[in-house]
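Here the structure comes first, spelled out in structure tokens, and everything after it is commentary.
The chains carry the letters A, B and C, assigned in the order they are written, with residues numbered from 1 in each.
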């Protein structure tokens, strides 16, 4: 039972982590708390549904197309919304509110086009991986492997490549980076591409794991994702991974009967929020992040 | 179906705008004066509504006494939330408050025995018995209706809600002009400067949050009375965003801008129901509900982009940043 | 003369760097004391620790014998230790007069129940506060701007506004962080006069961070020299000027 819950937690955690890296990256470079991220994930999940069930494409292909679609959407939104806001010197509050408006528009547009009925992908629902006493569904197994590979790739990209160095430089100090001759406009677009790809992937994987999802599902994941970001320390990819894992494990393991009978599973999201608030209060710089001086 | 010309319908829109005014006034005090980014405002409304309903149905209290306690409970919740979180950075405070509001909604959904669960307040009493907390309110309403010779229940409600809303508005406006309000505005401008002049910034913020939450609790009571039934999903985060939009639409830092914002928002929101021309005519009514929210979302974005000072605000005074 | 402010072994680090590293000195009651030292000597950090904006990691700050180092900023200000900032913290979207009124201490109208009930005591206090604020605005020659938004003031005027605002609190000890920087020469002379008059007539003690050494030597009763987070010399301006350690660390050649 405990191991099964831990395995479930690992799956949820890695999926949270991908999305958390995407949110964290945008916050690091643009100082934007993107409230629409959950709905961009939903958008990705629905694009994949379109290609997978309507056009009968393989799940892998559908997922890849969904990632491309979310990346395009993210870049397009940079052009029509975020850049104009920045040129008007919009502050944190304006950006946050605009992202709330955007979240509303995206979600309702998905409702309008796709309808409110729950969807699922055309995958084999009976496939099961058995590892000792742990059973993972086919979707869960794929999700956890893909998610870990994706995070390692992003981690390598941020840590080692010149792109990663540039991103970190801009995240540290935008004006200084601009003075140093970094094309910040290009970096911003790159950030949106990476974060968009991650949103698409996280959306598809989260949808796979849930097996059935409606246009509200991305938004319902948003706060746990924020929690993972804060937990890991804003702006750190490996931190986001750690945050996602801790959060996934905490929510799943909280239902373990061996722990004072366990928390009622309906309260799993509450556990995530409680962890979020607790982390904000006790360690606002995150688990791995360093405290900023003033 | 009601038509656009129906006075009854517009009275209903007016009542909702009045309730939004109370909700928005709380945010205006918290953000426009104290600089607090409360994104969980709806939680305090829920706490007000549920406290009132539970005390009436389960404890058999008088509606009026229950309402007073409900407002106090909302204020107390504000203090309890504020004590640990007010020291957080603005963005973290925003996220912590929205998380709190979702916790409140989950608890209301799942603690069936306390709140009636996802079915809402109809389940508050014993099984098989439809609960109502509203009897005393409706008696009061019909008494007032005949006393004032008003045409309908909604018209009566309209008078009551707006009387309370404008009273609250005037009260806050007066409070904002006192030395107390001056300190709050200073904190919004620069809390370090205020602290360096001997002002206990934390205490002032806590007062603003408690008072703003009390107003949300009052809005929750009126919401409950108007609809005579509610469920946890009535207090989704969307409502907080509506309240934010109303405050910014009216203009930050001015209490009398809130009712203006609420009326404009109410008319826009309700008015879009009657969009029966192209392209709206192509959609059925369920689809139009989505369209209305898309319009609201676009309006929020447009406001932020093109008129951050709101309808009544002046650029040099307070602009959304 | 007795010491109004005593700083003992104060330590504050950033990361591994000891910005203030065991600073010890005293400011005599009724004196004008200047804190000088090269850039990065730790003067600003010391100001921030003394005024409560930064926590001290070790050491004490005593105001008239009472320990301040664990108190929050507002409590230190209420005890009579009030500071200005290097860049003036102007409350831009409030009027100039409101900025000054904010300095009123123990104003009963700042308590919500009293603010609403407005008993006579609140109204009287507000009237006297306004009178005092207008007096101070006249002192710094900003009376014609009293009802304008503070955002309309120039940089030098903002310094003066900050000065009027801290005077409004009726401080015992005033910490002035480069009050003359960015102020034009005419205003400078006036500001200096105000500082001197303040000590003369109201017995206010002043601790000053200032880069203009000529001015420091002229107005100070006592000078404290910091370098690398430590106090390397204290004493009369004339003595400090001749101190070889000071000359080495900072002055190069005597001015």
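Criterion: a residue touches a chain if its C-beta (ideal position, glycine included) is under 8 Å from a C-beta of that chain, and two chains touch if they have at least 3 such contacts.
Model, not experiment: these values are computed from the prediction.
The most centrally placed chain, judged by C-alpha centroids, is B. Of all the chains, the one whose CA centre sits at the greatest distance from that of chain A is C. Simply put, of A-B and B-C, more C-beta pairs touch at A-B. Here the CA centre of chain A is 48 Å from the CA centre of chain C. If you average the CA atoms of chain A and of chain B, the two centres end up 31 Å from each other. Note on chain placement: the centre of chain B and the centre of chain C lie 44 Å apart, centres being C-alpha means. Those residues of chain B that touch chain A in the complex are listed here as 37, 84-85, 88-92, 94-96, 98-100, 102-103, 106-107, 109-110, 238, 241, 244, 248, 283, 286-287, 290-291, 293-294, 296-301, 304-305, 308, 320-321.
Against chain B, the residues of chain A that register as touching in their complex are 33, 81, 84-85, 88, 90-94, 96-98, 100-105, 107-109, 111-112, 116, 223, 226-227, 230, 264, 266-267, 269-270, 273-274, 276-277, 280-281, 284. Within the complex formed with chain B, the residues of chain C that make contact are 51, 53, 72-74, 77-78, 82-83, 85, 89, 91-94, 98, 101-105, 107, 109-112, 115-116, 118, 122, 126, 129, 149, 151, 165-166, 169. Across the interface of their complex, chain C is touched by residues 171, 174-175, 178-183, 185-186, 189-190, 192-201, 207, 211, 253, 316-318 of chain B.
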